[in-house]
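Alright, structures below, take your time with them.
Two complexes are shown next, each including subunit A; its partner changes from subunit B in the first to subunit C in the second.
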Partner chain A sequence: MFGYVLRRLLLALPALLGVTFLTYALLGATGDPCAALLGERYTTERCDAVRARYRLDDPLPIKYGRYLGAVLSGDLGDSVVSKRPVAEELREKFPATMELALAAVVLAVLVGIPLGIVAAARHNTAIDLAAMITALIGVSMPVFWLALMLIYFLAFKAGLFPTTGRLSSGMELPTITGLYTLDALLSGRWEALRDAVHHLILPAVALSTIPAAFVARITRSAMLEVLGQDYIRTARAKGLTESVVVRRHALKNALLPVVTVIGLQTGFLLSGAVLTETIFAWPGMGRWVVTAITSNDIPVVQAGVLVFATLFVMINLLVDLSYAWLDPRISFE
Partner chain B sequence: MSDVETTPPERDALLPGIADLDAIAPEAARRPPWLDALRRIRRSRLAMAGLLIIGLLGAIALAAPAIASQHPDDNGVWRTTDMRNREQTPSAEHWMGTDQLGRDMLSRMVYAARMSLLIGVVSVSLAIAIGTLLGAVAGFLGGAADMAIMRFMDIMLAFPSILLALAIVVLIGEGLINVMLAVGIISIPTYARIVRASVLGEINREYVTASRALGASGSRILLRHVLPNALAPLIVAGSLGIGSAILDAAGLGFLGLGAQPPLAEWGLMLSDTRQKLFTAPWLVAFPGVAIMLTVLGFNLLGDGLRDVLDPRLRGR
Partner chain C sequence: MTRISRAASRLALSVAALGLFAACSPEPTDAPVPPAQMETGSIEEEPEDTGDKDRLVFGHPADAAKLDPADVTDGESLLVTWHIYEGLTRYVRGSTEVEEALATSWDASEDGLEWTFTLRDGVTFHDGTAFDADAVVWNFNRWFDAEHPQHFGDWDFSYWEYMFQGYAGDVDDDENPKSFFVSAEAVDSSTVKLTLNRASAPLLQNLAMGNFGFSSPAAVEAAGSAYGTPGGSIIAAGTGPYMVEEWRKDEQVTLLRYDDYWGDAPATERIEFRVIPDGTSRYLALANGELDGMNQVNPEDIEQADSNDDVQIVMEPANNVGYFGFNQASEPWDNIDCRLAVAHAIDKEGVLGLYAGDAEAATQMMPPGLWGYNDSIEDYPYDLDQAQTYLDACLETSTMPDEVVFYVPPVQRFYFPKPKELGELIQASLAGLGINTAIRSPEWGTVWLPDVREGKHDVFLLGWGGDNGDPDNFLCQFFCGGDASFNGDGEGNGLSPDPDLEALLKEAAALSDQDERMAKYEEANQMIHELVPSVPLVHRSPPLLFRSNVNGYVASPIQTVLTSVTKE
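Here is the complex of A and B:
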């Protein structure tokens, strides 16, 4: 098992290197750095000075090497707009996105897996059809539009939830993890916990819809596949009740593809966060990157894309590792 | 499907594993294979529901000049604005009301249908063309070329899709054409993988060896034998791909990076009217429902086609 973990970790390295290179090559090449740095003070002489100072005329591999070195030592450059170090801003935005994404994954799993199981257990009935049509509509919806509709009906019409932000104004929390719900829990501030959860629900529901639908679809088809196997027939022939057959025998074996989809959807969720955060004014990385794009703040865009992609690679790694746990045969291959 | 040339290998694609159909059922073999496929598609309720939705949308898009009461000029610019009549609720005169500039919402919606269908089809065609080429080269040549191409595809897949599209748009600039490019580029890896897998699956089959022994060139083997086998999975992935391309493009439009005003595009319309959510909610509701229906149509079609074209899944 240890050897397998190590091997997978090593295999993730080239992917991560590739990600940094692509981010650098894609975004490092945009625009004229002279113009961005000098602005109105632009003259040819000053530009030459800037090029010399930042060694902009070095060949690409050397510049990339320098960039990589800086990134590894935690230096992501300075934001062109706020002039603050990008790494510092990232530390503020990152926990907000993590909190939202985690809440959405949990919701997607809690809704998607039971929906898929029920559909499979009631295969070819009206319940199955209804569940799958719901799931298909779920994957076809633009997440930003769903967010707007949730705001209109649940926040504006029914007045059940706040529409923006992470906490009501005036509410304060000590920063421990940066995940407000967790911080409130750890510091025992129940009023703040209630408030943070209250703010979290709508964006998390919006973000979880598409992943929940995907999880439901894959759970159903994986369960159907497993339920057709011989050992399930044996279990039924032994006289086990249907619910024991489904829960004990079928579910664990059907989980493998489900875990893959949950992993893939977590990555998808990160990109969904870009749109969801924009709508709910959620102060996370997604909104940060979008704002940076509109103000042409390349160092921030670069850092944001890099962090999102790194997270994505790490999640895929976790998915692979969880395979070995779910199916012990894999780690011996 | 009627524009697809019907060659015998295509039948293999549609009926994988039944290469010697002629020997088993000569009279069935005389029926053109696409007719056979069409027959089965007709029996799939999912695919037919999808086709119905797409057909309706296509008809609306084509008939836009006849349906709409207001029209953009040849460059898609909407010159009519009528500030006195802005944000009117739906009525007999304006079935979907009027927008924040007093333009007839229904007219903008039907013209926008053209835009979304165009974006979906163009970006997916682009992705299939490049992806097929890359996948075929990777699978056919193997070795270093395969390694280089597929590792690059893996890296592209390591980016959350809309983020990669965002990065590309930042690089090449905003606008409708660039969004089609960006959305097309991000989906190349999907098709490259499908084609490569098909190539690797066929290349050592006996009939390919036989063809090679008869002196067929590499490109002939690729075009006549190998690629037709990739057709079925490509059609399925393409149909589902159009749905997600439309969603991604709408997302970029919503962020203000796609089609630019005063073009009519559903994502852009949502972004334009978003501030009106509490005062004129119908302006936000209609474009979203339209996007959802369109994507639903392509998803239904894709799911249905998968059931029809992949016999392993039939009856499940």
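Here is the complex of A and C:
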């Protein structure tokens, strides 16, 4: 097992290197930050000064080598726009994205798996049809539209939730992990916990619709396949109730593809959700990196891509490892 | 239809489910009331507020990049730093004129090369250290000298370079210093002398700019390069009416009233600048009572706000111009008749149709609120017959190319919210005269701006937002030949579109008497109107929204300052 994990991690290194090089080359080809920084004040002289300051005129391999050397020594560089260390900005953004993504994944799993199970168990009935139409709507609904509808109806019209942000005005909370709900729990501030959860619900709901729909659809098809197996017929023949057949005998065996989808969706959600973060004023990774792309803030984009790539590698590894737990026939020894 | 109705029923179910959650939530105790717990409802109901009359919550689209004003160029940073820092002079509230701030008086030598400022007594920085002549000198040295230990290596104090024209040691092709600034020295603890190498009339205007507010030397030295960032041991220490209480990056900056402030104490104890990037979300947060005020309003939300009794609209006076420019290095735009033909062919009423009632037609290359604006200038009338007459006269001696290269910004600018539509509108007007234009909108940063600055265009759309409330900042910016947008030598080097105009503008910038300067700029505006190096199109006024229970805001063309604001 340990050997397998080590081998996978070593194999990830060339992938990460490739990702950083491609990003670097592509960003270098699409422009430099001086014009984005200078705007109407653009002059050739000022632009040259900016390029000299950030040593942008060096050949690509030299710039990339310099960048890689710095990253290996733990320095992600400074943002060209804010001039702050990228690592410091990353530490601020990642917890916000983590909190929102985890909440969305939990919601997606809590809604998607039961919906898929019910649809499969009631295959070809009105319930199945309703569940799959719900999933279709979930996967087709534009997130920005849903987000604005949630704000308009539930926050603005009904007043049930705050419209935006992570915490109310004047609410004090010490920063421990950067995940406000967790920080509130750890510091025992129940009012802040309630407030943070209250702020988290609408963006998490908006963000969870697409993954929930994916999870529901994949759960349904996996369950249908398993429910058609001989051992399920045997279980039924033994007189087990349908509920026991589904929960004890079918579900665990159907989970393999579901876990894969959940893993992939978690990776996507952790990469930041630009629209949801923008509309709900959620200060996460997605908005940070996209803003950096528009201003050609190469160090920030590089750091973002590196984090996203690492996350995907790690999540894929965890998903693979979970197979062994879900299916004893799979072994990594 | 089925899909819509199912979606609607699902939304209704979600409302019920989430409502249940809200109903099950525990009641608040003595903590500040989160907005969601208030009895909010439709906008027709009772006005709500953020629940605390001593806390003003202002929404804006992006967080401050930094709270060190010397090192920022973005309006969102300055929105916050205006409340924290002060300079030697400041803008009279609601105007672009300047008055005493940390300097109580000043004298200039006859040649305008030595300025002596008397400093205000009894002023302290937010870290408790005294504001005195040494602190002023330290700040000037930090801005001017790139080798200063607190200039922090590759930090770029851009506005110093823009307004003071260079750093210590920078020289032009003739080995003359680029900057007109020579030195700052402390005459005694409350007197500072600034020495210049050439007269610069906009000096007092420049010194009032938000970028030249003084930081506590002790605080900057203690925080090092983390000064002005959320990670700094001291985030910011100026002398202004508010000090930083808390900064949650990309969420909010909370300012707290500075009790030892030398001037009138601000009305509200705390101001919270809350970041909400999406315009619609920001408006809904305001309408919901979570914000007391906001800037950067979406055009469609101005209409909503107008019909909402709980919200008031404040239009800030315009401090910008959007224009159509000619490259006089390119035939036939060196011919004034061709330029006049275009000036008479642009329908400015049509142009204003692209705005949400927040813009006015421009007759000059600087906004009407700025001194030096010439009230007697009448706009070129929209008259296609007259345009045709000018064009015919032009084409007797010049040749119109088959295709005029027309650079239209590919990105929104504040003064041009719909650049593509504006370009097409003008293209159609010119096509009516038989002038065939080819719109070019290449990538803004890497191609568009360099091309226009190097004169690779025939005609173009661009604009400018004012920095320091001085006409020089508009007119010389355009017409003193800094780049090849309006005229050039064909090799990318800039020329003024007219040497007499350039001379007049440079003369005006060197005068120290304000009345004389005003007369010169009025004359320059008349000259520009006659020379037609460009067709001024619009001045756009930025709207602000406030809840109806907010009073006392003074609209200003140059700064959004909330110190006078109260909540009922």
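The rule is simple: the second predicted complex is superposed on the first by the 288 of 333 C-alpha atoms of A that agree within 3 Å, B and C clash if a C-alpha of one lies under 4 Å from a C-alpha of the other, contacts with A are read in each partner's own complex, and residues count from 1 in each chain.
Convention: a residue touches a chain if its C-beta (ideal position, glycine included) is under 8 Å from a C-beta of that chain, and two chains touch if they have at least 3 such contacts.
Predicted, not measured: the structure shown is a model, and the values here were computed from it.
Asks: With both complexes overlaid on chain A, does A:Leu6 touch subunit B (first), subunit C (second), both or neither?
Replies: A:Leu6: touches no partner chain.
Asks: Looking at A:Thr23, would you say it contacts subunit B, subunit C, both, or neither? Reply first, second, both or neither.
Replies: first
Asks: Contacts for A:Thr278 in the overlay, against subunit B (first) and subunit C (second): which applies, first, second, both or neither?
Replies: In the superposition, A:Thr278 touches subunit B and subunit C alike.
Asks: Go through the superposed model and pick first if A:Gly267 touches only subunit B, second if only subunit C, both, or neither.
Replies: Only subunit B; A:Gly267 stays clear of subunit C.
Asks: If we overlay the two complexes on their shared chain A, which of subunit B and subunit C does A:Arg194 touch? Say first, second, both or neither.
Replies: Touch status of A:Arg194: second partner only.
Asks: Which partner does A:Met141 reach: the first (subunit B), the second (subunit C), both, or neither?
Replies: both
Asks: For A:Ile151, select first, second, both or neither according to whether it touches subunit B, subunit C, the two together, or no partner.
Replies: In the superposition, A:Ile151 contacts both subunit B and subunit C.
Asks: Which partner, subunit B or subunit C, touches the larger number of subunit A residues?
Replies: C
Asks: Go through the superposed model and pick first if A:Leu167 touches only subunit B, second if only subunit C, both, or neither.
Replies: second
Asks: Which partner chains sit in contact with A:Val290 here, subunit B, subunit C, both or neither? Use first/second/both/neither.
Replies: Touch partner of A:Val290: subunit B, not subunit C.
Asks: Taking the contacts subunit A makes with subunit B in one complex and with subunit C in the other, which residues are shared?
Replies: Touching subunit B in the first complex and subunit C in the second, residues 30, 137, 141, 148-149, 151-152, 156, 278-279 of subunit A appear in both lists.
Asks: Note which residues of subunit A are touching subunit C in the complex, please.
Replies: Interface residues on subunit A, with respect to subunit C: 30-44, 46-47, 50, 53-54, 81-84, 88-89, 92-93, 133-134, 137, 141, 148-171, 190-192, 194-195, 198, 201, 205, 278-281, 283, 287-288, 296.
Asks: Hey, which residues of subunit B end up touching subunit A in the complex?
Replies: Per the stated touch rule, the residues are 151-152, 154-156, 158-164, 166-171, 243, 247, 250-251, 254-257, 267, 270, 274, 277-278, 281, 284-285, 287-288, 291-293, 295-296, 299-300, 303, 316.
Asks: Where on subunit C is subunit A touching in the complex?
Replies: 3, 6-7, 10-11, 14-15, 18-19, 21-22, 25-26, 28-29, 31-36, 38-42, 50-52, 55, 57, 63, 65-66, 71, 73, 154-156, 158, 161-162, 229-231, 248-252, 272, 274-278, 280-282, 284-285, 287-288, 290, 413, 443-446, 449-450, 453-454, 462-465, 482-483, 492
Asks: Would you mind writing out the residues of subunit A in touch with subunit B in their complex?
Replies: So the residues of subunit A touching subunit B come out as 14-15, 18-19, 22-23, 26-27, 29-30, 136-137, 139-146, 148-149, 151-152, 156, 221, 224-225, 267-268, 270-272, 274-275, 278-279, 289-290, 293-294, 298, 301, 304-305, 308-309, 312-313, 316.
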